[in-house]
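Common to both upcoming complexes is chain A, partnered first by chain B, then by chain C.
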Partner chain A sequence: MNRRKILQLLGKSVAAGAFFKLSTGLAQGKIPQGATEPMKTLGIPLREYGERSEFEQKVIRYISPNLRSRHTGASFTPLDQLEGVITPSSLHFERHHSGVPNVNPAEYRLVVHGLVSRPLIFTLQDLKRFPSITRTYFIECAGNGQNGYRNPPDMTLTATRSRGLVSTSSWTGVPLSILLKEAGIKEGARWLIPESQDAAAYIRSLPLEKALEDVLVAYAQNGEAIRPEQGYPVRLVVPGWEGSIQVKWLRRIELTDTPVMSKDETSEYTDVMADGKIWAFTWLMEPQSIITYPSGLQQIERGFHEIRGLAWSGFGRVRRVEVSLDGGRNWKRAALEPAPDPLSAVRFKVNWAWDGRETVIMSRATDEKGNTQPTQEEFFTRWARNNRYHYNAIQAWRIGADGRVVNGDRTLAGAPAQLGAAGRGGCGGES
Partner chain B sequence: MNRRKILQLLGKSVAAGAFFKLSTGLAQGKIPQGATEPMKTLGIPLREYGERSEFEQKVIRYISPNLRSRHTGASFTPLDQLEGVITPSSLHFERHHSGVPNVNPAEYRLVVHGLVSRPLIFTLQDLKRFPSITRTYFIECAGNGQNGYRNPPDMTLTATRSRGLVSTSSWTGVPLSILLKEAGIKEGARWLIPESQDAAAYIRSLPLEKALEDVLVAYAQNGEAIRPEQGYPVRLVVPGWEGSIQVKWLRRIELTDTPVMSKDETSEYTDVMADGKIWAFTWLMEPQSIITYPSGLQQIERGFHEIRGLAWSGFGRVRRVEVSLDGGRNWKRAALEPAPDPLSAVRFKVNWAWDGRETVIMSRATDEKGNTQPTQEEFFTRWARNNRYHYNAIQAWRIGADGRVVNGDRTLAGAPAQLGAAGRGGCGGES
Partner chain C sequence: MRHQWLSVAVLALSALVLAQGRYQIGTPLTEQEVQQWNIRPSILANGVGLPPGQGTVDEGAKVYTAHCASCHGATGEGGAFTRLVSEPFPITLEVDSVDFAVGNYWPYATTLFDYTRRAMPFATPGILSDSEVYAVVAYILYQNGVTDGSEPMNAQTLPRVQMPARTLLQLDPGTQKRFPWLKLP
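Entry: the complex of A and B
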């Protein structure tokens, strides 16, 4: 390889510009003692099942200390400590209503009945024999964002607490449409009533049209069996729709002509709109984005930084993410990685040289249907002040002259102190 | 939604054909008792870090009972128990030479020196500040396949033992080219000497051209910090090349004009060719595929099955995978999922109705450069009979009339009893 080739390859590799010249804090000097100690010790032997480094044990899901019970509530994916798009299964957010059931897969049965020609019972092994599909989808709690909004802003907010009720996995399962064809859909069937085998007997209504479109009866997550918290051994994956309809620990699907109108689609998981009306069945998740670095309670130095974040939308692919480095006056388009897949999250990145002056950064996602994240003010023109769900307003982070990052949201005149301020509890809420 | 729309959606969803009519064993009848027990018990509360179900603890890496020490050797990914493409990090194959070092990230330093203008030391935090890339790549031990070949065939072979020294992860890191530009490559530099901080002081030679092309200095795997067994906190990812050059626990990179000719690129990890010559620096991994279901020691019933497997190649994208259901006489093209990415694994699938007669199934991958997996006979026309590495011959599985699946390879006249039969030990070998 000649010199020209080297320069050619180098040039290609740094097409983004000579940003590293802006770096500071890249240590230069002598090799510290201590770094070579592992070379003097015989290491850990082969193991049948691996674990994280002892130095990574602090990367955990966030559980609000204010919960009255850990048997109903949520834990948050630590978005501000992760890279890429796939969420490690051990850190996938949780949301359950009576704890995580411990299901024996040998006893597992899925019943499909109601308006079908042939009521069927499937064992886990039966389900695995059907043609399978593997797809990467985000799952987001309808209550995500609930902690991201406080008025005046919560100055202890982190990216994790703001938007950590979202995770992305590679899901494997059998298309529900195949099982329904096997059972034979009867005239008049319009709804499916999936039921969980948790102690809450959690139950919802799912339109037949969505069930036939892209819903999975999933048994694997990121290559292995679904984790207990995510519905072991079988759950519904309902791409792009709120997590609460993606029934976990699935035991029964009844086909009916009308929805079941369960507690969790009437008193819970319904939206209060600005005109005072209540909307039920608001399943689609609006576009979202969150800057995960630099984000709340982190500390940065002057010089080069790659601003990193996540974006997603229940309406399809993320079309673009814009980032503002000056409090919303100017916006620049972020790079997206990988090329956006439908109903999956995408990582966004912007190169930035911080000059040490106080500023506010924020991100805004737009999906392929043209939906864009609203400002906080805009959010409350569509949804009522006491709504609790589907909060997807732009999250801002303020970077102080000392490099400390805190919530950059502004205090809004006449706005509620928090979502759902009318008094109802919340799936993701800390209060 | 009217009847026509339902039928239209159903038709679309089962375009693969009415294969489910061929199914047997899909239980039909009454709901068994026992399946509803979890509904009577309050479940597991929210947890900061999740674990697998107690019923999945048997899914583990395979470690040969014949190893003299677990401090040097390999453990195999249980390919026959996983779905999709991403390998759960806890089940990523292992290969190390003096155990897994326990590195404190606060003390971690990477030194870049030798033929550079500015010798540099990077902390872990420094590396994370650089522009990052996340890509899905397979990593495969050069010795993968070593257990897949025995003459006469090993009738206890599983897909895991045949090809389980391969795993696929989403890797995040900084392109090595950026760090090299930061250091300034001096005239005459042609090689990089990456060194590990394990107790073996493992060291290799990497051509500068590859380093500039696509090598990552990686610090994250599947979203979180790299696992200890895969190089925590920092490793090289050298896409498509044998795992042994993707130096883990990376502490030092020296730029030189010549390779270092270390033990692991001279006495080990070199190939004996059919003409008796030894080839060093044979880094590229040949195309591979393995049917993971049905595979060795599994048991199947008559009726519909989705044959599933994995394919990959170090030369770029997998172009096609063909599957034979009749011992190699006829081949049909498998469906690939997802659309193949360069230097990543891909899942392949073929719908099959087994009529209960004994048969032999096998798969064959071809990559975008036109390389195809050889038969066992063809393999030994290129490589010598005592070669140990890069065995990528077609793996066959025999399905008996009783549904039991065993190794379907044939006994070869005049062929060696096993790879490396001349007596050298093996990275993946059980003997």
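Entry: the complex of A and C
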């Protein structure tokens, strides 16, 4: 480091209020002993397949220790340890109902049948021959945020456990509309029933209109074959809608005139509302945001911080993210960088110099249709306390005078006491 | 200039391939071949797709004890996994979501046949005959107090079973706005 650089650094830290620390720290002991070691020996030779640094091995998905089976349940993307917009494929969240099937691509087939003129069977190579498109989309489990139903709030909550059932990838595939045209849609067809090649033979109902609009039959994720956990070799990508309808390991699509009302669109993925009704087909994912730094169980120092977070909405582009640094009294607009894509997560950032006083920070997203994230209280005027899905209320983080960050959500009055462990077996459930 | 000629040629070629707006990729299947692939046919809420066969509550109790009780409890509750029997019918705002089950939350009886045949028993799906599935469905509905167990379950009786939670089910209004034609069965 040359003299000019050191002076610049010092200048910055003065601005950030960290002068004291650095000015005493330039002496001996501040230069790590091992830092120059790699310069004395040859490094790792060329290798065919890359590995992350051995020092990054602890960046892993979160799996609740309370699960009774690891063949159903969810693993969470470690949002509080990632940057940017794209989720590394190996850290994409998981939700499956009967484990991850091992599908041999040579024996892979997709059949389109039912109300079509020509039932067709496609090989993987067939699917890849069609014109392809590549888009960046988030996929979010409807159970994302389920820990927000806990009351009183869980004080050990992290950003990962708060909203880690969302991931963003670059997806490549053939538009489903092309395959449907190839098979010829018959009069009277209104619905598609996609089926999975897993041990649950998982099925859902999808309206034909959406299928023709923007649904992808995807075979690539972030430039390589889709990971097994995400549906290798072929899955549906249904932009902006709940993850559970984006059927993985896709083997069969039947066109029908009625929906199937499968277990996973009746017993699960339906929503209990504040008036006691149960809503079906709650497909669209409402706006969400989460501050990933500083966030639950992290520790910060006085001085400059770039507050960072993620925001997304199933209605389209995120138009605006606001951040409050004083418990929700004042809000300032965060920078969105890079520029947001529609139906993709966006990264938001706010510059902040923390003065060391206890405070509560929070973020709220607004999408291009004008939908805004609700407060906890607003959320529960619509949805029931014993619901399991679609929790998108603002997440607050409390920063103590000691710099420790914990869940800043409030305890709500009147919640039934037994709702502590929300939703066993549901997608966001941890038990 | 060369590029322009190239794109004209590509256009001409795709116009040829795209006769009738199709790419002519994929292999046609006969109805019989489709059936061969369709090893877990979907059962629609109106009963379409239900196979021949039938089963009684007593037969179902035996199937249940042999294939389900180890995970779902001796009588449909108290097991390590999802409870299949629960009260009150239907659910209320006070019921913990852990206690949502077939009798108090499921809106359609046909779903129970479809799901059991598709996905259960958890580790060995597909081992039950259609009549065994009808039987265990009859047993679970009876255990939940949804039926009195007097008739066997089959393609005629099952779609007629009224589930208590159906009265609570309605379409998401946002979904209704976007798809005005959409009606729940």
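One rule holds in what follows: the second predicted complex is superposed on the first by the 387 of 431 C-alpha atoms of A that agree within 3 Å, B and C clash if a C-alpha of one lies under 4 Å from a C-alpha of the other, contacts with A are read in each partner's own complex, and residues count from 1 in each chain.
One rule holds in what follows: a contact is a pair of C-beta atoms (placed from the backbone, for glycine too) under 8 Å apart; a residue touches a chain by one contact, two chains touch by 3 or more.
No experiment lies behind these values; they were computed from the predicted model shown.
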Touched partner set for A:Arg109, first chain B, second chain C, both or neither: both
Touching partner for A:Ala201 - first (chain B), second (chain C), both, neither: both
Touch count on chain A, higher of chain B and chain C: B
Chain B versus chain C as contact partner of A:Ala401, first or second or both or neither: neither
Which superposed partner A:Thr282 touches (first chain B, second chain C, both, neither): second
Partner chain in contact with A:Ile133 - chain B first, chain C second, else both or neither: first
Which of chain B and chain C A:Ala413 touches, first, second, both or neither: neither
Which superposed partner A:Ile121 touches (first chain B, second chain C, both, neither): both
Which superposed partner A:Arg47 touches (first chain B, second chain C, both, neither): first
Chain B versus chain C as contact partner of A:Thr258, first or second or both or neither: second
Overlapping contact positions on chain A, where the chain C interface meets the chain B interface: 69, 71, 98, 109, 111, 118, 120-122, 126, 129-130, 178, 181-182, 190, 199, 201, 207, 209, 251
Touching residues on chain A, where the partner in the complex is chain C: 68-69, 71, 97-98, 109, 111-113, 118-122, 126, 129-130, 178-179, 181-183, 190, 193, 195, 199-203, 207, 209, 251-252, 254, 256, 258-263, 266-267, 270-272, 274, 276-284, 384-388, 416, 418-419, 421-426
List of chain C residues in touch with chain A within their complex: 21-23, 25-31, 33-34, 37-40, 42-46, 48, 80-82, 91-98, 100, 102, 105-108, 110-111, 114-115, 118-119, 122-123, 125, 165, 168-172, 174-175, 179, 181-182, 184-185
